[in-house]
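Take a look at the structure below.
The chains carry the letters A, B, C, D, E and F, assigned in the order they are written, with residues numbered from 1 in each.
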Amino acid sequence: MHVTVINPNTTASMTRAIGEAARAAAAAGTTIVATNPDSGPASIEGYYDEVFSIPGLIAEMKKARGTDAFVIACFDDTGLDGARSLADVPVIGIGEAAMHMATLVATRFSVITTLKVSVPALEHNVRKYGFDARCGRVRACEVPVLALEDPASGARAKISSEIVRAKDEDGAEAIVLGCAGMAELAASLTREHGLPVIDGVASAVKLAEAMIGLGLKTSKVGGYAPPRAKAYAGTFAWAAP
Amino acid sequence: MHVTVINPNTTASMTRAIGEAARAAAAAGTTIVATNPDSGPASIEGYYDEVFSIPGLIAEMKKARGTDAFVIACFDDTGLDGARSLADVPVIGIGEAAMHMATLVATRFSVITTLKVSVPALEHNVRKYGFDARCGRVRACEVPVLALEDPASGARAKISSEIVRAKDEDGAEAIVLGCAGMAELAASLTREHGLPVIDGVASAVKLAEAMIGLGLKTSKVGGYAPPRAKAYAGTFAWAAP
Amino acid sequence: MHVTVINPNTTASMTRAIGEAARAAAAAGTTIVATNPDSGPASIEGYYDEVFSIPGLIAEMKKARGTDAFVIACFDDTGLDGARSLADVPVIGIGEAAMHMATLVATRFSVITTLKVSVPALEHNVRKYGFDARCGRVRACEVPVLALEDPASGARAKISSEIVRAKDEDGAEAIVLGCAGMAELAASLTREHGLPVIDGVASAVKLAEAMIGLGLKTSKVGGYAPPRAKAYAGTFAWAAP
Amino acid sequence: MHVTVINPNTTASMTRAIGEAARAAAAAGTTIVATNPDSGPASIEGYYDEVFSIPGLIAEMKKARGTDAFVIACFDDTGLDGARSLADVPVIGIGEAAMHMATLVATRFSVITTLKVSVPALEHNVRKYGFDARCGRVRACEVPVLALEDPASGARAKISSEIVRAKDEDGAEAIVLGCAGMAELAASLTREHGLPVIDGVASAVKLAEAMIGLGLKTSKVGGYAPPRAKAYAGTFAWAAP
Amino acid sequence: MHVTVINPNTTASMTRAIGEAARAAAAAGTTIVATNPDSGPASIEGYYDEVFSIPGLIAEMKKARGTDAFVIACFDDTGLDGARSLADVPVIGIGEAAMHMATLVATRFSVITTLKVSVPALEHNVRKYGFDARCGRVRACEVPVLALEDPASGARAKISSEIVRAKDEDGAEAIVLGCAGMAELAASLTREHGLPVIDGVASAVKLAEAMIGLGLKTSKVGGYAPPRAKAYAGTFAWAAP
Amino acid sequence: MHVTVINPNTTASMTRAIGEAARAAAAAGTTIVATNPDSGPASIEGYYDEVFSIPGLIAEMKKARGTDAFVIACFDDTGLDGARSLADVPVIGIGEAAMHMATLVATRFSVITTLKVSVPALEHNVRKYGFDARCGRVRACEVPVLALEDPASGARAKISSEIVRAKDEDGAEAIVLGCAGMAELAASLTREHGLPVIDGVASAVKLAEAMIGLGLKTSKVGGYAPPRAKAYAGTFAWAAP
């Protein structure tokens, strides 16, 4: 199986870390290619950054024809619907992947993401996926995406504090880590707090393998129908269906 | 007042028609500038086309600094959240504008859009705006966006048939026209069917005037906070906050 | 344009203040008439007071035939559905007006009203309008309606404290002022707190102008159909359709 | 036990029929007083009629002090919240009573009311009570309230036809009769269609007895707190709390 | 009338207490038989215990043929849907009974149950019954079911503390006691806290009497249709329909 | 990996077919053990049958200690919450598995199950899982569970007809097969109808493998906490925690 994991921001070091997390989760026969766009923001923090990461995500998808599934490795599930319209192989966002997994092991989960600016977009996704009655709260640890890897940010301690609050205040039975950059913390936080702490990168890779194994394809009879042939002007001429 | 109406597709004739509809609705002291991106799809029909219309929409917004409000003249409300993050003046989508207006004159409305492929995206917006208990159904007349102006498409008759069905089957008390290209039909369909048939372009212009008059600005303390300063790579370097 | 603003309580000084707020918001060509019923409660605080303000509201509407729109200037949107059944010109409640405006500039708002007794009625309206996923909380500052204008009530400081809590605890990005008597505080609280603080009187006047400009009428084919002709007994004989 | 059943319209013959239906349902030790206002509409069909039936309803409640419970015998549950604010004994609407009963014997019910104009108000109540996932549809048989008793109206046959459609199209397992004037049909329609056909008058009387037996009172600590003392002007001076 | 109250756990002393509470609530002509299964858990605290209490509950129902209604006296409404499929007389759970009653006297209620492990199951029931917008919160006092009667457990004081929090934090206007073993506390807590504190055992008995009086039967045309005839293997052969 | 697939009914031939479907879906290194209870109904059609299949399901789980995950192979997800309380390895119902998969490849799906009596239970699960806005309709083909394998039942043709209706009437973009006995039809119906037709047995096996691969365990801090130690009386003494 070939799974293409696309980090929709343009920070190559983050792509490498995501690739490692994906490979760590992948089954023996699964090949992971981790990539990111040439153009767009260095990190995705809020609605504006999303706008400029999606065309590059699509460009990466077009290059990757031949893959068996795509994973979008930003917790906002950036560009998920557009990507599904393009592909007929499965496309899975790491946000939805982690939340689906959480509902299978807990009656209620909370999300811990990076910055407050992303909370409304994630709350919106929670409702879109149908999990509003299952999600206690979307919390922010107030560490920017690219600072997560910097030990000086205190990221792990801040996330750990939010987990304690999520258990106490939200009745959370599981925690969903709300950024691809938090992937490596899942295992140790699970042990520390005694409840499932779920990473979306690994979750999405395993879901992708599951869907490939099932032979499941994205439906092409409704909202994800192939884009209609038409002219695309200017710098996006390359993207014309 | 200066209102910038952005048609997010690249079809200039449609932009002109939208500009006319906007000017017809505008108050005496309101200046309308209608524009469209240089790059992107000729029409927006489904999730994929949305992806490539939003960067150009943002580019048009950046050129237009000095305007008092923006109207996004595609019924999908393409790029609305990203646009609100950029601007502090009001940004109004024609889809939301028409739906808000419908809820002020009717207990239940139905939407009539162009193609079936757009229905899921519009149903999603209906839920996002909170109008799922007020919307009877999102219907498609199966006329493509750019064929609306072609008399041979039979667009008016097909829309009119859907209005009859919406009254009978959905209990619709008002109709929302689900494409900027249907603007000129609102008045005559209202007369013909004896219920409010609402166009989003005019609705959004009037809402924009109302919000300007109120001095209302987009909130900058949460999800629409200004994008954080960061590097934007490649062809999107121009968009860096 | 002629807009009739009806304060459904019987306190003339409040009607005058509402009229001033309405005129301050109105466009150059808009005539505002502010009025209140002869009969009914001096203020509306809870469900019981609503009962006895609505017949007088309808009586004022009947006197006002010739107006282009009605505004109901109580935040409970007292009698809104009944009023819409009577009129074919637009009828707008200040509660709904402010909430619609809030959803156009913020992903989440909180309401700050007068007394706790009104909170359930307002929460009910929030759900009725579809904004329950967008409203953080309906808060009470515990100042009675008619004490709002009395400096000794400390109203402004109490409302200001609730705004701080709404930002911190509810994630509110905008504030809706939950009483017509708070109209004059909107501008200064907006400046003080750095987020939109929205008054319903001004919002409703601008929405009324927008709807008049659009030629929008209340739908008469469903729940707002004209009342059927029938006998009305006793003191309400005058109201018979 | 003393239960006061108030028909909020002013048609005495309908009050008598309601009184008979109530007495037929009442337990041995229950005294039923059926009454109606002096002032207001001859029947309640839509939002406008509701306005002018509620003050008279309250007036009847004030006369009736000493009763152990009130039943509001219009399927719109006209004035229910205001009435609960006045009384501390239980107040039960026949609409809510029938719907509560339906959810105890069926996973899904449909409502059959008189006229289409009342459907939105009833759908609104269904949502307010929380039964939107349990209610298949609110249907209208298009027989006016006061024509129900006229054999020439064909009311029974029309209701019976709607029951067949409700079973087939809505998956209804129980039927709620949506007008006090349909009370006498419940038993025979139950037998004919082989599913529970539920009348609100009888349901409300039995719920009233149940609540009296439990010593349950309306809560006075929130939205149903007693109205605050204040001046009531003009013809409603009598209603001042 | 004959009402069979089944305590689905196997603790006979609790069955006796429930029987007393039921008889205290019952009308003069109502005979209460309180019973419990021979097999199953000594108390029901969470989903696992539910599994093994339901077959015994059904067995008790089969023995009781001839009764006019069944009450399931565990606040989880253990086995309610299965029980309704078996019987055509009404079957009422004490959880739903108390919640229905609460919505008739308050705009918002909170539940106070025994242990945290039961909260998700009760929250699920709240949503299933449609009361999620009416329920402030499901709270646990952290006293196990069988310790409720032990004065050393401090149960009454702990419940009383939660009532104070429910009023302050949840805006609760009424309290629902979330365990059959709390029945005897309802009256004194009502007096102490000045709001309705509702016990499910009494509520269910009164609802049962109401439904019997109405001649209401469980619908047999949908989800509660009689089980289809088929072989039941092994120790459950006795249960074959 | 070891996955134990439990058919909760007692029909061994159906267990064998389920085991084959599970093995066909399983990865190379996955061992499938398919089993069924000794006691209980020959098929599960409605709420009553569920009651008597769950204790046997738990008994099978207890025998299977050592497995890495459990699959409950009845589309009602019979006993899922109780099973999760017992185990710390993942427990997956085939109904939830298929629905989760459907939401990853389609904006809307419909379910096609066996008999009308099961529809309310499945609709309830749809809401419980949060998929009510994503599920067009739960349809019944009116073929009993054990007749599915009998060619004379015409099952395939009846299901195929419902798929056509689901596309036309519900806007379904994917189909979920609502019975374990339909597993073998998924592939050919997918080809025939040109949209994803999803089987729960295969879906659950792949989800189980994914969760095992992730090291995900059922949360033990809330509703799925281990059952508390207590006496279990009578025939269920064996089940005492």
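One rule holds for everything that comes next: a contact is a pair of C-beta atoms (placed from the backbone, for glycine too) under 8 Å apart; a residue touches a chain by one contact, two chains touch by 3 or more.
Bear in mind that the values here come from a model prediction, so they are computed numbers and not experimental data.
Student: Which chains contact both chain B and chain E?
Tutor: Chains that touch both chain B and chain E, as defined above, are A, C, D, F.
Student: Centre-to-centre on C-alpha atoms, which chain is most distant from chain B?
Tutor: It is E whose centre lies farthest from that of chain B.
Student: Please tell me the distance, in whole Å, between the geometric centres of chain A and chain B computed from their C-alpha atoms.
Tutor: 29
Student: Taking each chain's centre as the mean position of its Cα atoms, how many Å separate chain D from chain F?
Tutor: Here the centre of chain F sits 43 Å away from the centre of chain D.
Student: Would you pick out the residues of chain E that each touch at least 2 other chains?
Tutor: If we look for residues of chain E contacting two or more partner chains, we find 84, 107-108, 119-120, 124, 127, 132-133, 171, 173, 222-224.
Student: I'd like to see which chains touch which, written out pair by pair.
Tutor: A-B, A-C, A-E, A-F, B-C, B-D, B-F, C-D, C-E, D-E, D-F, E-F
Student: Using the touch definition from the top, list the residues of chain A that touch chain E in their complex.
Tutor: Against chain E, chain A makes touches at 107-108, 133, 171, 173.
Student: Which stretch or stretches of chain C touch chain E in the complex?
Tutor: Result: residues 119-120, 123-124, 127, 132 of chain C touch chain E.
Student: In their complex, what parts of chain E are in touch with chain F?
Tutor: By the definition above, chain E touches chain F via 10, 37-43, 45-52, 54-56, 58, 79, 81-82, 84-86, 115-121, 124, 127-128, 144, 222-225, 227-228, 230-237, 239-241.
Student: Could you pull out which chain A residues touch chain F in their complex?
Tutor: Touch residues, chain A against chain F: 25, 27, 84, 90, 92, 96, 100-101, 103-108, 129-134, 167, 171, 173-174, 187, 194-196, 198, 202-203, 206-207, 209-211, 213-224.
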